[in-house]
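Below, subunit A partners subunit B and then partners subunit C, in two separate complexes.
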Partner chain A sequence: MTSEHITERVKNQFGDGLVDAFETYGMLTLVIKPEINIEVLKFLKDESDLAFGFLKDECGIHYPFNKDEELGVIYLLHNLRANVQVRVKTFFPSDKPVIRSATSLWAAANWMERETYDFFGIKFEGHPDLRRILNVDDMDYFPMLKQYPLEDGTREDKDDKMFGRG
Partner chain B sequence: MEEKDLVLQHKEEDLYTLNLGPTHPATHGVFQNVLQMDGERILDSEPTIGYIHRAFEKLAEHRPFYQITPITDRLNYCSSPINNMGWHMTVERLLGVQTPKRVDYMRIIIMEMSRITDHLICNSVLGVDAGAFTGFLYVFQEREKIYEIFEEVCGARLTTNIGRIGGMERDFTPAAIKKIKEFIDRFPKVYEEFEKLFNRNRIFIDRTTGVGPITAERALEYGFTGPCLRAAGVDYDVRVAAPYSSYQDFDFEIPIGTTGDTYDRFRVRSEEIWQSYKLIKNAFENLPEGPFHADVPDIYLPPKDEVYNNMEALIYHFKIVMAELDVPKGEVYHAVEGGNGELGFYLVSDGGRTPYRLHFRRPCFIFYQAYPEMIRGGMLSDAILTMSSMNVIAGELDA
Partner chain C sequence: MTDIKIVKAPEGMEGTGFFATQLDKIVGLARKNSLWPLPFATSCCGIEFMATAASHYDLARFGSERMSFSPRQADVLMVMGTIAKKMAPILRQVYEQMAEPKWVLSMGACACSGGIFDTYSVLQGIDRIIPVDVYIPGCPPRPEQVIEGIMRIQDLAANESGRRRNSPEYKQLLASYGIE
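Right after this comes the complex of A and B.
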């Protein structure tokens, strides 16, 4: 199963739904439209020549300067039999951080989506139990968003100008 | 009628809620489970995690690459060296660094030793939870000896921060080589003795077979990796599926179980210890000559005496410590076979001195969500055994 074959199959099925496809550090990455995320994942999972049956990882990412594509969800799928991995990315605006949940396809998505919600505030439609998982329940912000500094901004005893992003 | 069907025939007022944790002597780490109990049978459980959440992913976005290694120590702290080296290899892959064979073999020796310590803890503590204390004391001495080897190599025992990006911090010293030799000579006898106490022990078998089972299909659906997945009968191992650090040079087997219950998990880990031992022995006997780090002066710290006497070295030293690295933009996913499954590092770099985003794929976090399903309908005491045989480590779970 080559990267071209996978890209071709997804392209034929979804047309414009596939925004971009490229290979980076040996891994095929598909960028798709957020509206069809479950359809694409289901297609990759159920088609017998693709059979990406194992959801290995799911996490969020935040690009505050990409207009209307600030937030993203990244899935990592693995076909264990053919030993091929594929990364699926989808981006959507941060003022409407809603995407459908993959829990209908994999039980493993449950906590990974809760973690993504906890860190980035991405709401997963159809998730059975979307609560914070690592942080306290009454936290009123989503800490992994880039606008939140690592430390309390009112502190004056630490100067982080030389290291890190401050 | 099956024993499990009895669970359904309860009256509402007979049920009660039991808090197992957050700190409970029978759970090894900070785990909270709110159990719905019918007598001694578990109807349902609700795990709460995050008690030792330390925001590693946020922290990592504010630290240069070499300062992230100590963070990885604190993920699965029973096998820190695997985490450290997994991280080093991720960065090396991003930067395109090729390590010499000697480094790969040294890494294999250290990583397999730490896999042995990880599995020793899991298996012996499983024995303790089942009421067999002796085995634990026998093998803990051996774990101590392995920690002495780590100490000889890097100076620390538990949170090792071992190795560097681009190689090892120093070659094996004569003392380390002597200790590794002693370990290779001594270990088989110790573990054979441990296995004699457990493998065919009637009480242990009765206590662990059929406890907390999971089928291969469910395990895959839940994203299991590592010994827990292999115990269910799926032969997926990152060391074979995507070899790193020259694992392809070695001949070793991937033990698998059939039923995915506690006994299978125990036996899979036991067998993996032997395979790890074989790997250590092979790597140590065939340890190639050569440098103990890649020739990458802009990434790997120069020796201290050169820093004091050589302008070039001083510049490199300064640049490395200040994290002035030429990092390419890009994203890398690199995974290693950790103590309890596939430990993945998803690193997104924007060319800055810190990662733009670093996500740890923690095996525990993903498979611990199957725990309520695995213990449902079982006894409370079996739930304890199931948890210790899954080897859930709080540090990795909560990151």
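Right after this comes the complex of A and C.
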């Protein structure tokens, strides 16, 4: 199973839904439109010649300067029989961070989507139990979004005066 | 030939067949030499503490060989390691479950101030949720420093007034942390 074959199959099935396809360090990356994320994943999972049965990872990403494509969700799929991996990326605007949940395809997506929600505020439609998983429940922001400082705002001992700055 | 040392009796009136001293001093002496630590070890400081408790440094010499893994029987809460914000309510619950008198020893940069983990997920010092008696600096501190910290707790235990836990200052301290 070559990258060209996978790209061809997805392109034939979804046409413009496939935004981009490229290979980095020998691994194929497919960039798809967010509206058809579940259809593409289901296609990659169920087609007998593709058979990406294992959702290895699912995570979010934030590119604040990519207009209308600030937020992304990345799926890492693995065909265990052929030992081939494929990365599926999809980007959408940060003012409407909603995408359909992959829990209908893989139960493993449950916690990974909760984590993605926890850190990026991406809402997964159809997720059975979308709430924070790693951070404290009363946290009122999504810490991996770039507009929030990484450092804890309540720290007092890192006064710039003590380091000869400012 | 043994060289076992026994702690000296406190100052007092002594005569044939009797010895009179202050109750606080006797209680302090007993408490000082049998502090039961509750090791709340979350990371590398905990490893250093294990070295302290093992035979080479032998924390048992100070009467602290009995690690209490139940907060209800512990005297000293030893917080060793990074406390994530999600862990904070649990640490607080452990502290609340301990019976008076109780002391808290904060070991290492993370427990004292958050250390290098100046980030959204880490509590920036355990003194934000519970009162701390002794801080041990270091990343991680050496066992000698841990022993020094235990000895400072011993000083506090030995010299504490029997009424301190009922004093308005102590109640105010707990109230400032919102602990009943």
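Simple rule for what comes next: the second predicted complex is superposed on the first by the 151 of 166 C-alpha atoms of A that agree within 3 Å, B and C clash if a C-alpha of one lies under 4 Å from a C-alpha of the other, contacts with A are read in each partner's own complex, and residues count from 1 in each chain.
Methods note: a contact is a pair of C-beta atoms (placed from the backbone, for glycine too) under 8 Å apart; a residue touches a chain by one contact, two chains touch by 3 or more.
In this text, all values refer to a predicted model and were calculated from it rather than measured experimentally.
In the superposition on chain A, A:135 makes contact with both subunit B and subunit C. After overlaying the two complexes on the shared chain, residue contacts for A:24 are found with subunit B alone; subunit C is out of touch. With both complexes superposed, B is the one of subunit B and subunit C in contact with more subunit A residues. When the shared chain is aligned, no partner comes close enough to touch A:7: not subunit B, not subunit C. Using the contact criterion defined above for the overlaid structures, shared-chain residue A:143 touches subunit B and also reaches subunit C.
In the superposition on the C-alpha atoms of chain A, the part of subunit A touched by subunit B in one complex and by subunit C in the other spans residues 134-136, 143, 150.
The touching residues of subunit B, counted against subunit A in their complex, run 49-50, 53, 55, 57-59, 61-64, 93-94, 218, 220-223, 234, 236, 241-242, 322-323, 330-333, 342, 344, 346, 348, 352-354, 357, 359, 361, 365-366, 368-370, 398-399.
Chain contact summary for the complex, subunit A toward subunit B: residues 24-25, 27, 29, 53-57, 59, 61-62, 74, 76, 80, 83, 85, 87, 106-108, 110-112, 115, 119, 132-136, 143-144, 150, 160, 162-165. The residues of subunit C lying in touch with subunit A in their complex are 85-86, 88, 113-114, 118-122, 124, 128. On subunit A, the positions that touch subunit C within their shared complex are 134-136, 139, 143, 148, 150-152, 154-158.
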